[in-house]
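In structure tokens below, several structures.
Both complexes below contain subunit A, partnered by subunit B and then by subunit C.
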Partner chain A sequence: MMNIFLAELADPNVSIPLVLPEMLLALTGILVMIYDSIRPGRRRVTGTISMVGLILSAVALFWIWSTPGQQLSAFGGMIVADSLRMSFTAVFLLVSALTILVSTVWVEREDVHAGEYHTLLLFATVGMMFMASGNDLVIIFLGLETLSIATYVMAGLRRRDLRSNESALKYFILGSYASGFLLYGMALVYGATGTTNVTQIALNTETAQFPALLLVGAAMLVIGFGFKVATVPFHIWTPDVYEGAPSPVTGFMAAGPKAAGFASFLRVFVLGFPLVVGVQASEFLHDSWITALTVMAILTMTVGNIAAIVQNNVKRMLAYSSIAHAGYAMVGFVGAGVAKTATGRDDAIAAVAFYMLTYAVTNLGAFAIVTLVARKNDRRTEFEDYNGIGFRSPVLAFSLSLFMLSLLGLPLTAGFIGKVLVFRPALEAGTSLMVILVVIAVINTAISAYYYLRLIVVMFFRERTEEWSQPKISTALAAVLAITIIGVFYFGIFGNNVIEMFSKYPVDVQMR
Partner chain B sequence: MEPALGSYLALSGILFSIGAVGVIYKRNAIGMFMCIELMLNSVNLSFVAFSRHYGDVTGQLFVFVVMSVAAAEAAVGLGIIITFFRNRLSVDVDDASILKN
Partner chain C sequence: MTEFSLLDYAPVLVMFLVAIGFAASQILVAQLVGPRKRTATKLMPYECGKDPVGSARDRFSVKFYMVAVAFLLFDLEILFVIPFAVAFKSLLAAEQSGTVYYGTIAFVTMMFFLGTVVVGLLYEWKKGAFDWSIQARAEAIAEAAELKRKGGVFSRFRKAA
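Showing the complex of A and B:
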């Protein structure tokens, strides 16, 4: 045993290019932190440095993506460069960049200490990227905690606001509680298979010394990841945390960490616990998690949508809508799990990544407007505050309506293609359970029309009783709206281009 | 003779359960946080036990990662609890009820 370890030390298989995107972003984060301590309070500068870092990181990512003959796994198989990692990382970088732009409004209005905020955002993004690129439970845990610890602070950034305090406290307590379960799950999976490498876990299932531990471990992992992606019954924290956190941070939390959670959730379950026909332990495990996640997907969609209907606060409504969307994404997830061929599985994974991309773009656009309408201290976030603004601020109202229609999944918008793509793999599997799942998903889409359209009705057909002063749309915010609106249409009409890009490298490269 | 793997796992499971139940029953944010630490450390025990069982260092490596993460989490968590205390003069989680459920 010791000799093997020494051999690994001698050849650790280091590959800097493979982690270049993460490294660049982490260095930018450190740079912003140092700059902020030397020259505090320069929001524009720290924001610009962060944006430059994100762009450099994106360039590095596309360089790995487009250079043929790249090494596909390094650091003893801990880091991989498959399309799961690439596509999700692209989503994170986009989310982070849009969040910085959206926050400019809020940072100036509330006089937030922006250097800290930008640093935290960058480190959270690095954490998300490692969650997608890590092929080892250690890396996934480390990435998840880097992300979580940064987001706990971000939720509580408005230090004097009781709602923000409460949001941070709840997020912190429940988040670390879930991390505990996740970690225990990882320990049991390690105990059962003797390895923390996801690819190796899949291979070792057959020879697992303690198959029962593997099953319990997988259940614990479902709890931990289920919390991160906010699925029912682990969603209790979501509405409170989303409502209390500053609006741009809420937008970020709904788009980024959720996608990151799905990235590692997918990797560990679809690639780590695959179906190996003929191996009893593997068949049983696969069967159990598919059933569990199917039930969770059904509950998540239904509870999310029904609870969203009765909300009177727009942020809370969007929080429940984000729960429902996690449910739709899980349909694709289950589809990836039951896919019969490797191509089918990869397509389903690409579909989930694409779904998170469309959701991120739409959701961040919506939160940009929520941030703008909310005014100081996030006071105006009730439905009433949107009464009759339709023809007074047509730009805001029409873009928000577009985002709502995309969340609903109207054809020609991003949301529609996203939904079609995630529902397809489950339908292709053809078992009755999967068909029921998709039927429920479609019924849920119909239910969701009620509350998405309600916001549009409120904006255009209600009389406004209070006065309305037109909020000023800054350049950064105009850029966000332009990017998100173009994104909604581009992904809705030319979604195929993106999907092709997302499935360029087969997932799980080492195995075949 | 050293104890069998099973005893370590049992102890770890019991500690984890105490922590998990404690988080639900405690109303004091600091107490809840201590229970979470207990959960993390009980997992460490499992990791080390498995590591010994397989003669594989990965488990021990994981423990170091967990310890450093727990330290970072403690720093941030106590900071959050202190801000909450400053505004509320209480660390009782039942006071955290402005956001309606």
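Showing the complex of A and C:
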């Protein structure tokens, strides 16, 4: 009896250092939660503890990153330490730290219960980190749920505002629906391949029990992840949720969860459903998802950009812009899928991570200014509210213009390098479908100039009809603006340093 | 495989007896020492705190959700603890005969999990999720006093009929 039991036991392969960033952050979250329940309403203390936790977590991350000879996977292959995880985790930590700084303004102004907010933000970040580090469908799903539940609540934090209520409820109902699809897809993939481990799934696609089951499972996974990263046709929730959520939370949702969605999406599809030459089942599966995602990328870019043109609300405009950016990132994603060599694939993955980094920096900077201009209850978020502020608040206007130009992808800014890097792998593949995809992406960039430049025009060349009282820029917000502006230029000019860092530990899955 | 013997299940019988005894003792103690305030609310048919007669589409208090959340928390806790408890002895044995610290890992993990659950309970407690009886008790006392003044426990129902 005992021996049989022992024989069935798998080595748990525990490695605390490998999950140290996640653990530190989770413990910080619990600490903030307890502190807030014992001494409620101390925003500065909870904010400081959260920042310290994020910094410690980042230190742990860079320690794993820079220590050679690290174990590559642990917990029975459920947690991995490769460049995909490292680079995306760095993005999440940066996003969270910037969000905490941005939200100081909003938290003070609206008298929000900040302890809860900080706790939720930290738990959401832990969820995102597990989405990136999980090499197992179950871990990915757990991370996604941790993230989702925290963000549902965060979207509704302005409890007395109907728009915020609507935002939270819409996000919750549609989000749970999408999670259902995701879970169903995972179950079907498990049924077909007999494993939930992504590396094992890749090995088992050729001997899949029922190829059709695998295909349906993959399609459901596309729906689930597609919802999280807001791709057309699963984007309907985005504008309403982004408009109604508090501005700092909107900035967070557009940068963090989207990047997290891409991290798991990339891992499951690029690494889990690779092309195995000569095996009909995997060739068909690979072909199907590449085609589906290409079509989705084209739709996402086009719908996002065209809908953004007609918006009169800056937050809605940025919401549609975030949809369009998900489309651009998917070009890199598809590029990673069609790459013929392992290095090409890893470069494409690093490019997507870098794109999410540039987008996060730019977007959070833009949302910092939107938060500042919006005033109490997010009242002033229309384009008209930005009329003629250009020379009255030059710091705000010039920074916002810079962020708009970076979102547009002007050379010397982060957005440019990001776009070049995600378009390149698809172009290198050379098939006509990929060339069409990149051409459409470039045309879309041109379309997007209209609405990004419109905001700049509104700020500098329109007459202001109402009076304008210059908002006070607090120290925290000044820090955010400094970090984001430096980030936009640094990534735009010295982007290759970051890219090198991002492709340091190649993904431990061989091409076949 | 050993012979089936009913005696092996004696602990289950003891468990049954303890459960019955516990329930009986609670009722008995309540009967003996519990204060008896026959308010209209207390004499109502039991309907989980809702009005037994009336529309089904009634608004009900958010406090029910608090109870539901606390219940879920501990319900799920049990769900994790039981498999651990069942396997723990074998894991300890496996640790002694092997090189991997199965038992230690399982124990530390479970303690960590229980600690997290306790933190959740602490949080709910401190946030006042269980504090909603103060007002209800005050109301019940006021109602009892009112009834005493009117001079009849069932006056309210009689009036309604």
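Following the convention adopted for this analysis, the second predicted complex is superposed on the first by the 498 of 512 C-alpha atoms of A that agree within 3 Å, B and C clash if a C-alpha of one lies under 4 Å from a C-alpha of the other, contacts with A are read in each partner's own complex, and residues count from 1 in each chain.
Definition applied: a residue touches a chain if its C-beta (ideal position, glycine included) is under 8 Å from a C-beta of that chain, and two chains touch if they have at least 3 such contacts.
These figures come from a predicted structure and were not determined experimentally.
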Query = Between subunit B (first) and subunit C (second), which, if any, makes contact with A:V277: first, second, both or neither?
reply = neither
Ask   = Is A:V14 contacted by the first partner subunit B, the second partner subunit C, both or neither?
value = second
Request  = Go through the superposed model and pick first if A:I34 touches only subunit B, second if only subunit C, both, or neither.
outcome  = second
Touched partner set for A:V138, first subunit B, second subunit C, both or neither = first
Request  = See if subunit A has more residues touched by subunit B or by subunit C, and give me that chain.
outcome  = B
Contact residues of subunit A, present in both the subunit B and the subunit C interface = 5
Touching residues on subunit B, where the partner in the complex is subunit A = 9, 16, 19-20, 23, 29, 32-33, 36, 39-40, 42-43, 46-47, 49-50, 53-59, 61-62, 65-66, 69, 72-73, 76-77, 79-81, 83-84, 87-88, 93, 96-99, 101
Key: Residues of subunit A defined as touching subunit B within the complex   = 1, 5, 137-138, 141-142, 145, 149, 152-153, 156, 159-160, 162-163, 165-170, 172-173, 176-177, 179-181, 183-184, 186-188, 190-191, 194-196, 239-240, 243-244
Message = List the residues on subunit A that touch subunit C in their complex, please.
response = 2, 5-6, 9, 11-12, 14, 30, 33-34, 37-38
Ask   = Okay, in this complex, where on subunit C does subunit A touch?
value = 90, 93-94, 97-98, 100, 102, 105, 116, 119, 122-123, 126-127
